[in-house]
Amino acid sequence: MTVLVNGVPTELDPGATVAAALGVAGHTPTATGIAVALNGEVVPKGAWTTTTLGEQDRVEVLGAAQGG
Amino acid sequence: MDDPLTIAGQAFSSRLIMGTGGASSMEALERALVASGAELATVALRRTSPDARGSVLDVLRRVGCKLLPNTAGCFTARDAVRTARLAREAFETDWIKLEVIGDDRILLPDGAGLLDAAETLVDDGFTVLAYSNDDPILARQLQGLGCAAVMPLGSPIGSGMGIRNPYNLRIILEHATVPIVLDAGIGTASDAAVAMELGCDAVLLASAVTRAREPALMAEAMRKAVEAGRLAHLAGRIPRRLYAEASSSFEGLADLSAPLPEPDGR
Amino acid sequence: MDDPLTIAGQAFSSRLIMGTGGASSMEALERALVASGAELATVALRRTSPDARGSVLDVLRRVGCKLLPNTAGCFTARDAVRTARLAREAFETDWIKLEVIGDDRILLPDGAGLLDAAETLVDDGFTVLAYSNDDPILARQLQGLGCAAVMPLGSPIGSGMGIRNPYNLRIILEHATVPIVLDAGIGTASDAAVAMELGCDAVLLASAVTRAREPALMAEAMRKAVEAGRLAHLAGRIPRRLYAEASSSFEGLADLSAPLPEPDGR
Amino acid sequence: MTVLVNGVPTELDPGATVAAALGVAGHTPTATGIAVALNGEVVPKGAWTTTTLGEQDRVEVLGAAQGG
Amino acid sequence: MDDPLTIAGQAFSSRLIMGTGGASSMEALERALVASGAELATVALRRTSPDARGSVLDVLRRVGCKLLPNTAGCFTARDAVRTARLAREAFETDWIKLEVIGDDRILLPDGAGLLDAAETLVDDGFTVLAYSNDDPILARQLQGLGCAAVMPLGSPIGSGMGIRNPYNLRIILEHATVPIVLDAGIGTASDAAVAMELGCDAVLLASAVTRAREPALMAEAMRKAVEAGRLAHLAGRIPRRLYAEASSSFEGLADLSAPLPEPDGR
Amino acid sequence: MDDPLTIAGQAFSSRLIMGTGGASSMEALERALVASGAELATVALRRTSPDARGSVLDVLRRVGCKLLPNTAGCFTARDAVRTARLAREAFETDWIKLEVIGDDRILLPDGAGLLDAAETLVDDGFTVLAYSNDDPILARQLQGLGCAAVMPLGSPIGSGMGIRNPYNLRIILEHATVPIVLDAGIGTASDAAVAMELGCDAVLLASAVTRAREPALMAEAMRKAVEAGRLAHLAGRIPRRLYAEASSSFEGLADLSAPLPEPDGR
Amino acid sequence: MTVLVNGVPTELDPGATVAAALGVAGHTPTATGIAVALNGEVVPKGAWTTTTLGEQDRVEVLGAAQGG
Amino acid sequence: MTVLVNGVPTELDPGATVAAALGVAGHTPTATGIAVALNGEVVPKGAWTTTTLGEQDRVEVLGAAQGG
């Protein structure tokens, strides 16, 4: 199945979790200082390994950047 | 003199809050933050990239700055609320600099959107520092909703125009029940001093330092200017007058006139 | 950063010169001078009285300030020249802050009288620091006559109106060949910072400190403001623009939109 | 004879010097930090004891005051 | 020069809109209106009293001014909408100057309430002239909702402070798609001229005329100032520069030097 | 209203004095002069050339303007005096706009030279209108010497910066015993209005009109602005205040609240 | 019954109409330049003679005043 | 002999008057609206035909120009 990880179309196995998408973005499931949005809504850290993704889901992996 | 800034019960000895945007490198940012003496600094939330990841946080940790995430880039209350929630998840802080922007060229706040987002976030337990227009009514509504600080702009973000309307700021300050932080528009040191002299509790700035020719020098200038302005506010300035008032007394002035010519020609 | 002020070959690490007029007591003056960090301070020449005699000199000696006598109260070149000579005799210094005043209410300099007196005193070996109007032509004539520093006013003495005409000051600074000291008119810290940001070499003030509600606090504010303004001048400020420039980049902004409703109602 | 010392009419013996006028103003001839004007012109320290005064002369004895 | 102001399809040859508040008598008001040359004037809606009834309408009718009812005194969108409907009923016009005020001391608009009321009234067929803050985002939202004119304040009603933030006004004008009327804050004639020079389409004022020492003289001053500012806007002013540019050419300057002394003593 | 300007016993109904420099052609100049309504206009004295000769005089004659020769281009009192005498010979008028310039880039007056020349010319029977700095002492010295009018600059000639230091102008006006004409620096109509509101007796300008994109339109703007400013000065403006003062009374405000819900559910 | 006419408690007969309240305020039912609110809502001119009032109703009779 | 007329070296007969220099500049001796300086000093109209010039004299013929 195809999901968008930070805007990039990415192939993942059906049933893949948020943690899998994180791996694609170069993060481990224990990473700190980042947050994940699935289709615009927060996925709490505790749910990264249990939240499964669907076709065309948008996963945003976000961290601190200079700003403001 | 012990004169801390207190926001939501947390005391800071520095009244200069730094934004981290605009620096040419992490090293330049770190030098500027050190020179600024800031204890609180904003960060934005952006997509991670493997190479750059984490380093702003590292800088803030080394420098000892508390992190203040912002919702920069959000044009709707909904996006700002979502971004605030993601920031809380990522950085384990419920402090948020709330921005809801009305236009991507002028970057001025959208008052109605700001009120919506502030209400939701306060209800959701956030400590909201609201980046606001210099509109006294809006400022009062934001503090009425429970924002921990109201942060009116001096002029548009990055414009360097200083405080365009000190009168509005005075009205905001006279009605303030929470700390008022002058946010956006500072161009140089005297602008920061003016903000503090007017009675602002703190100043937040980024571009004025990070985009100066010498960021660390300007950061030091800003630190001193904020302190100078605060002290001047507390010291009670002299009134303005159209005419002069002598600082050298005329009392005891010498009579240095030459002797009048005498009839006898002496 | 080593960045001394040099007047007539003598270097000062502080760029704040204090006037001593207006203080409520010698103790208040001493505390203010200490807080100001000034290394040069003006005194007037007045008839001695048995009770008060000598104490300003004592204060300056204790504080370590070089003394700069002035010719305050002189309305003609002749009186100013005589006063300067008396001051040299009394204080064993050939430094003189030259004032020739045109009117006892507005205390503004009389340009023609000032030129006369400056010429005589320079010829007579004095180190002349000339208190001047903000007139670029007059300032250039004074430096042409050999004054060691030109000290244009920001606004009338004691008025607290700050720098009323920064454009004149910019023109003066662009043509300066000797140190330019902003003298008179400073009301609060930001005024001093503005003077230094414009490129002045130093600031001279009295009333703004001595008549403030808390003179020592204001003196500290002025010290920091002068340093802040100098640093900002050296740091190279950002340009002013009408519109905003984002300090948080839009790059890497998250897509937080809700999923589009699908035909199948998902 | 009468001279004006800092504006105050003062009786001095004929032939009195500047030093005598200084004494009236409370200063010794070795005082520092002061200057003397006689009819508007400086009298150098070295000449205080030798400069004689005349009727109606104006002696100004000047020192530092807060100012400017 | 034919240069009408057009609002909602209706052309006016005068660009000065008068408020009628503050006049000491109906006679003073009438003289001021005549001297102003205004073709549009605001009135408030208030409880009738048997003695005073109808006379403002009579004045406007005699003077030939179109009537523009306002919603002054309304602090909520709901009250403003109700007042607008009552005004339409009373005066048989669907034009309304919409005010939603956030505070009875500063009389500044409540942006969020204003947007609510404007949306309702535009939907209800009103020709809405919205009295607004000088907030560029709010101004754009109001014109986006279909307001016939946006009327940003220069400074608080009756303050006489002129245009406190010309930069905001410039941003509003650059994005305007409907007439922009400077409303509130005008203190004297030059303020009105500045508004027009910036590019405003018209000026609305009341207190500056009605509370002046000589209302009819000030009304004439305002008429001329608005015309002067409009003409200057169209004429294209010279640029501002720090330095001079000679208006008398140096070409053809006479050589008036005296002859050099000759060896032969001529 | 009959409110003439009187200089040296001669009355003018217009308070706008025009310089003639900078116009692109004699035709453009004539149109601008007509539109300005000016009754007095300056000319410079330059070497004649066979082709151009006489035409400025012709224009002024047709337009009905009294001629006011100037000493533009003179850098010394001696040259200014010589030029004044030549002008008197050429134009059979003893009126002279006296300029003694200190620098050819900034074109600011040389105060000392001005005083010298003014004294000589007044003694020589001239009616001297002295172009001066905004220095209150200099202005007072010039009127003391017998100048018929003192004409302080607002800002450098041709700079278009308006009145940089209105405070100095206020001080000059408070001490004036002869007409004060704001000369130099006017950029647009509101600048002229401000000068008149401050209490100046007239305004002299050239570049602001002759170098505008549309000189005749700007001339008309200036005419109206000068009239507007004069009227506003006479009318007595309202005071400036930080806060608002309602122009619509709150008295008689309707109660438009909805009925409270009754227990019986009515 | 008591109604408030421009804030003033006023006795009217039961069944009285808006027009009656207008009369109290000194206006005829054909008056122009005025509007009437009943409990905050507009009562169109055409309905003045037909709209009946109830106990404690608030009638506002409004006209032009100097303003703005 | 050579004189400077408005800065231009000009040959005139010895004994020539200001009026002759005026002629060179295109003016008659009865011209109005102009003035003449000889070596920096005014030559009154009445003296144009009687004032003689010398070698290297500077004659300035001046009239109105736009200005100020």
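Just so it is clear, A, B, C, D, E, F, G and H label the chains in written order, and each chain counts residues from 1 on its own.
Keep this in mind: a contact is a pair of C-beta atoms (placed from the backbone, for glycine too) under 8 Å apart; a residue touches a chain by one contact, two chains touch by 3 or more.
Keep in mind that what you see is a predicted model, and the values were worked out from it rather than measured.
Across the two candidate interfaces, C-E and F-G, the one carrying more C-beta contacts is F-G. Ranked by distance of CA centroids from chain E, the top chain is D. Interface repeat of F-G: among F-H, B-D or C-D, over half of the contact pairs recur, by residue number, only in B-D. Averaging Cα coordinates per chain places chain E and chain G 35 Å apart. Averaged Cα coordinates give chain B a centre that lies 27 Å from the centre of chain C. A separation of 33 Å divides the Cα centre of chain B from that of chain E.
Within chain C, residues 19, 21-22, 44-47, 70, 72, 82, 86, 106, 108, 161, 167, 171, 206, 242-243, 247-249, 252, 254, 256 each touch two or more of the remaining chains.
Shared interface positions of chain G, i.e. residues touching 2 or more other chains, are given as 7, 37, 40, 60, 62, 65-68. Chain B makes touch with chain C in their complex at residues 1, 19, 21-22, 44-47, 49, 70, 72-73, 78-79, 82-83, 86, 104-108, 156-161, 187-190, 193-194, 197, 206-208, 210-215, 217-218, 220-225, 227-232, 234-254, 256. Within the complex, the chain B residues that touch chain A are 19-23, 29, 42-48, 50, 52-54, 56-57, 67, 69-70, 72, 82, 85-91, 97, 99, 206. Contact residues of chain E toward chain C in the complex are 167, 170-171, 242-243. Within the complex formed with chain F, the residues of chain C that make contact are 102-103, 106, 108-112, 115, 133, 135-138, 140-141, 155, 161, 164-165, 167-168, 171.
If you check the complex, the residues on chain D that touch chain C are 6-7, 25-27, 33-37, 40-42, 44-45, 60-68.
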